[in-house]
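Okay, handing you the structure first.
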Amino acid sequence: MAKEYSFYPGCSSQEGASSSNYLTSVQSMCDVLDIKLNVIPDWNCCSASIGYCGGGELPRLALSARNIALSEEHNAGQDIVATCAACWLATKETQERLEDDEGLMAETNEALAEAGLKLKNENKIRHMVEVLIEDIGYEEMGKHVKKPLDGIKIAGYVGCQTNRPFGIEGESFENPKYLDKFIETMGAEPVENYDKKVSCCGGALAFSEPDKSQALIKDIIEAAYDGGADMIVTPCPVCQMNVEVYQDKINAKYGTKFNIPVTYYSTLMSVAYGKNGKESGLNGQIIKATKLEEIAAK
Amino acid sequence: MSDIVATNQTILVVGGGISGMTAALEAAEVGKQVIVIEKTPSVGGRVTKLYKYFPKLCFPTCGQEINQRRMAANRNITVLTMAEVTELSGEAGNYSATVKISPRYVNDNCTACGACAEVVESEFDDEHNYNMSKRKGAYLPHNLAMPKRYVIDPALIGTDEATKAKEACPFNAIDLDMQEETIELKAGAVVWATGWRPFDANKIQPYGYDRFDNVITSVEFERMMDPFGPTGGKLVRPSDGKEAKNVAFIQCAGSRDRNYLRHCSRICCMASLKQSTYVTEKYGDEANVSIYYIDIRAIDRFEDFYQKVQDNENVTFIKSKVANIVENHENNNPVLKGVNTEGYHRYENEHDLVVLAVGMEPSVAKDEFPIELKLNDEGFIENDEANGGVFAAGCSADALDVNRAVQSATASALRAIQVVNRVAQAEG
Amino acid sequence: MSDLNTSMVEKYRNNFLKEVEAHVEEGEWVKMCMQCGVCSGSCPLGPHWEHPPQELFMMIRAGKREEVLSSESMWMCTSCYNCIVRCPRELPITHIMHGLAHYATRLGIEPKGQPTRQFAQLFWDNLAKNGRVNELWLGVNLYFMNGLVEGIKVAMGMAGIGLGMLKAGRLSLKELVGGHTVKDKKGFKAMIKKAQELEAARVDK
Amino acid sequence: MSDEMKIGAYICKGCGIADRLDVGQLEMTATRDGKAAICKQHDFLCSEEGVKLIQDDIDNEGVNRVVIAACSRRAKTEAFQFENVALVRTNLREGVIWVRPDTDEARETTQEMGDDYVRMGCAEAKYAHPPKPSGEQGLTRAILIAGGGVSGMTAALEASKAGYKSTIVEKSGSLGGATAQLFKKIPTKAPYADPEDTGVDEMIAAVEADPNITVFLNATLTKTAGAPGRFEADITTESGSTETQMFGSIVQASGFKPFDASVLTEFSYGKSKDVVTQLELEALAKEANGGPIKRPSDGKEVSSVMFIQCAGQRSKKEGHLEHCSGYCCSASIKQAMYFKDQNPDIDTVVLYTDLRTPGAGGENFYRSGQKKGVIFTKGVASEVVHSQNPTVKFKDLILDEDTEVEVDLVVLATGMVPNAGSSTREELTADENEAKETGNEIRIDADSILNLDYRQGKDVPHMANGFADSHFICFPYETQRTGIYTAGPTRRPMDVQQAIDDATGAAMKAINEAENAALGRAAHPRSGDLSFPSFRKEGCTQCKRCTVECPFGAINEDEEGYPVYNESRCRRCGTCMGACPVRVISFENYSIDTVGQQLKAVDIPDEFDEKPRILVLACENDAYPALDMAAQNKMEYSAFTRIIPVRCLGSVSLSWITDSMNSGFDGVILMGCPSGDDYQCHFVKGSGTAQERMGKVGDTLESLSLEKERVQTYEISITDIQKVTQIINDMESTIEQIGMSPFKF
């Protein structure tokens, strides 16, 4: 029987948005693993970690609270799952903050009442990666591999918000191993001791402070190359975008010759599970993941 | 072992480190019957693994020699090694303890002549050196081990080597059929002196103890100074055996931190100050020591020692909790990143070797005590009436230096004596 | 000086710490800092902070109100959460930085031209309008936030990226008109408004 | 011992001894040269059977001197314990076969080693007597406690709970000491969040209600004489009446004196009434009793306060304290809470350089202070400017700026000055000893606490920073006066809870000593030793060296200047014996002869045999174990070595050196513990004293026309395992260079 979850896709995975290809591959992956994602009806933006200028604490909490409340109403009893690090983090933080602070909880519900909603705050908020590790398990994930990703060396770039402050149970903040295990499970080779595994790509500041952020991104890519990587894989839409799209700019500025594809773990899994390039969201790559395309085309 | 006489006037001392030994000696020397239960094959505990004590820079084995002589001469003390208290019940004046004794495979006949070790080749991690070196499968735990009796590693049992060892012994001291034994002991009072263990440095992920060869712990560094230690007394770094002259000490590694141990472990500042002298003594002007700290906690006369170290030009103090360590792949040097908060100076400092001044946590975890005791949040035993006739000594009571641990143990001996004297009075 | 700022100065006179505790998100944690500096050392944009977090905390304790609130420092936060997980005293530093930035904005004494301040405001305005972020408009607004001429320059510089995204189907011109939105816009906006009112009642008094 | 001496020698053949040595030859040596009445061999002497063999001879054959020629005296000690005999251990295993190679060419010299050690053992046995108590010791179980503060009261109460009586002598008119002046104390129990009641009133009530405790108020000790087990104390009350009581042991809990803050003129102390010390703030807090604390100058309710840590402490400035008092950080947190708990709006700032709150409770308390809003600023105060309100000028070390703040009240965290009585700093050099006799000594003048009727001063000698502490890490209660244990802040700066724990330990030590002194058993480090020094009065020249050099002030002088030994004050180190120029001092089982005859028993080969002899006199506590451990690790050293363990290098008589030279030894090595400020000698200054004495050996050697290299003194720690063998081998090479001694007959 399919495992069902209440799904919070988030703004960037909407059609035509920056990580729409992430959603495509997630859907293919879930299809194989018999995971059913029930989208929270009428979900809204979580404000990520950058809404704080205009949005005060309570309005920002209200955003995620609305999503949780909608989930409770429409997908009762189901764990809320997010694929985007920022979505997961903001929602989970909201849940915790409201759990700890009765005053804020009361005010939040007062605001939610304006939208005809009420928050109970009882469901678990989870990242897709948690679902894979905890509910599916590496063994099961491995069983579905049809086309092992032989001969590809991959740097598992975990980034910040999937990792901190909550992270994945049993993993360390400084050296989480799960992404490497994913890579291995799909038959590819992880880069050992990837130095920049949990370094920051600048996040939203890639827009506002491009030079400072690109300096960070440069180090992330460089370390991957140093480790002999053919590609980088990440669980986070912001990481994926920042690390992939600025390579030309960085090359121009630093004289580097970066041209390394950056995909999601779900892209790998979808390809390994035998889905085609489109189903795996490979056409969403700005820097083409040729090795994956070759396998997908086989 | 069935010949051990224990009554409700007996004092049971759990733990044979310096605190347990002190409590046992004080009580036994005023005529009390004492049974010491020690988990490892020899008494002495953590201090046997220390090279020097601060602030005198004298040698722990020196006091151990005296204490061991006192113990050997005192017939009121029975020591059970490789023994653990698995159950404890009762109340002040009337306890019964279940003690599990693991087989040593060597009996009292052993003269420590070493004939068994000569024929055994297999080697195992040497606990005495925090597994930084190997010892044989038939071994004396260390030079000053008491009891001075060899131990056969359980992994040897059933192998040809075990038989060879047995055959090599001229005194019939090796008994390969020895079995785990469980005995029941009565006691009037219990001194709990199970001490501490170094905080698991693997958990301090930003410092990469698990990832970088040249990041070690203070207890490991201490073993390096011992001429009979893992490096033969050389201060060298693990990755390439190069002399470690540029050494960083990171304070509060695992202490004063809600991620690890919330308490201050008290000893680590002084331990690093002491260890800084190891480096400056070995390498003189070539030594370059950096101590990264939050607060240097050198109270009372320890302050004098701090001043002395501060006066050394080759030792630098940086008020900073190091943010993280990365490794320079070219030379395996650890690179420390952080901010000196005195005036905000950012640094990226490369060192030959990094020593984590790891904190002290109680050896027995909160939920592992065989009897319910009043503990504080940090897991140390409180001095509380609710604990009846069980009294904490040394680092079971708080994070203490050796001097204070001995003080604490001396006090706990009196508390135990008070109980058994009451029993004696009641029984006439 | 905004009215709000003036009234806060009056109210707290010399005690900036108390003001922060009362009005800044997670501000009650500031006093718990023990000046170890692990936050400052852990920040990816560390070198760009004029005053790193731990120093800001000390400045708050020392009553340096203007210097703190008008500082660009907290706008350097990338929300990487390194500081939070490493802080030995459990201070939610990321949130305090956001809180300080927001509070400064609320008082109208934030560094106006600070790019992250601009972007963060745009982001909020963007999402508050439809309930979901319109990435295209966010980008367009971002590029033109410093005026038309500057904007065209920036936009030209970013054109390659935009084109790439468009080609990969990860940027949609459909967003120019209509685009993604929550269905219950009315309820959504009422909720935000209410939350803002409740917060103002608490913070601005 | 008037009984007839009968030596039984027992040679063990186990552990390879019989493989490496001709045991028959050893037996012959024992009987022929050693004059052993009985000599037996056994394959496994430490076995039950072997021990029984010996015990049977003691029981049935009248053997009263037992020579066990087997392993080191440090091995199998539990097995070889016999009552009422003098026991000698001859070290054939660690001392001979383990330090020599198992080769044919080494066989002869190795055998010679073994034979010599057997001779030496028998010689020692011949001159040793089974020790037994002198009969001079007394049994008084009562404990004298000097000081009626928390430390003193704790010692009394804890001793009482174990059934021991005590007498508290308190100088002031009431019990409670400094703690009675406190409003609250630093917390002692989880969660360590708030100040606790001091509990001092309850403690006083308990003392007063305890039939085991006698209290003298307004009283001082005008004279303390005697020794453990029989201390005789004159307790004089204010009225002038004196009562003499007997005690078994003493706990000195004389506390501390507050630091004199008037030297802190830069902080306007004395000039501004609103600059107070921590102790003065306690008085203000007590007065307020939970209400608003008012400042002294004008009674205004304090709305802002700054605590200046380390005021006059951790400083080398004239009149300041060099030490850190340890408790003041927690005390300031506690005091800041006095304000915060009453009114959270009061500004409280603690200005510190290192916040020192160690241990589990300390860090919790620090956090609790922060939680309550106490501000902690890392900085150094330079000045407090006095005007209507005090203004503190300081450097903020974090913000790296000079700044100032005006407050209602300034509290100076001044430290503890030990109240440890008078002290004569004892110098190690003989020259200074002479200076002492001319009255040129260094004194700390203060009212004496104990007024000891001792040759070496009225109080327990002071250690670092004037505290009456122990010098030893492992033995925190061992002062330099036997049976007198210090507790509380007189020993080390500490807070109330630490003082309670400390005093409990001191009570334990006092009980231990009272009991053991009565049995004639020595205190640390030769715990349980029954031997004690005595002297031949006829030979004594009243030179007083023994009374001056005794590290423990154990020896008094009678009116004629003869030494008076106080057995239970003695630690049995033998420094007096080593000091005595006329060799009249001895112990039953350790004397000029027990060692002197051993070295004379060594067979000295002819000069042309090229077999030199090296005598090693090794401290039994450190050097001898180091030699043992070298053997254990099979590290070889010269076969020409003959080692004699000594109780302390301080016990080494110069006569042994001259005797050994005269009898043809080619070299002598003395191995003692490191001396100096961080001395490791368990007998305080035995090794240092010995080194001084050996400084004069050169003259002796010169008079014999011998090279001075022939006698060398080394400081050896127990860990110097490699060094000891090196030293011995170096001596062998030295002898090779300078040639054999001409004194071989």
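Things to note:
Going in written order, the chains are labelled A, B, C and D, and every chain counts its residues from 1.
The rule is short, and it goes like this: contacts are C-beta pairs under 8 Å (C-beta built on N, C-alpha and C of every residue); 3 or more make two chains touch, one makes a residue touch a chain.
All values reported here derive from a predicted model rather than from experimental measurement.
Counted as hops between touching chains, the shortest connection from subunit B to subunit C is 1. Note: the chain lying farthest from subunit B is C, by mean C-alpha position. Put simply, the chain closest to the centre of the protein, by Cα centroids, is B. If you compare C-D with A-C, the chain pair joined by more contacting C-beta pairs is A-C.
Computed centre separation for the pair subunit C/subunit D is 64 angstrom, with centres defined by C-alpha atoms. Distance between chain centres (mean CA atoms), subunit B to subunit D: 24 Å. Annotation for subunit D: residues 355, 378, 398-399 touch two or more other chains. The multi-chain contact residues of subunit A, meaning those touching 2 or more other chains, are 173. In subunit B, the positions touching at least two other chains are 206, 256, 319, 324, 341, 344.
Taken pair by pair, the chains that touch are A-B, A-C, B-C, B-D, C-D.
Chain contact summary for the complex, subunit D toward subunit B: residues 14-16, 44, 46-47, 71, 74-78, 81, 93, 158-159, 161-163, 188-192, 314, 316, 322-326, 354-364, 378, 397-400, 464-465, 467, 469, 471-477, 492-494, 501-502, 504-509, 511-512, 515-516, 524-525, 527-528, 621-622, 625, 629, 632-633, 673-674, 678, 680, 682, 717-719, 721-722.
On the subunit C side of its complex with subunit B, the touching residues are 34-38, 40-42, 46-47, 51-52, 54-55, 82, 85-86, 88-90. Residue ranges on subunit B touching subunit D, taken from their complex, read 18, 25-26, 29-31, 47, 51, 53, 56-67, 69-70, 72-75, 109, 111-114, 140, 143-144, 148, 170-171, 226-228, 256, 262-264, 266, 295-304, 307, 319, 341-344, 375-378, 380, 382-384, 398-400, 402-404, 406-411, 413-415, 417-418, 421, 425. Remark: subunit D residues 347, 355, 366-367, 370-371, 373-378, 396, 398-399, 403 touch subunit C in the complex. Those residues of subunit A whose C-beta lies close enough to touch subunit C in the complex are 11-12, 14-21, 42-45, 47-59, 61-63, 66, 107-108, 110-117, 160-161, 164-165, 167, 173, 199-200, 202-205, 207-209, 212-213, 216, 245-246, 248-249, 283-286.
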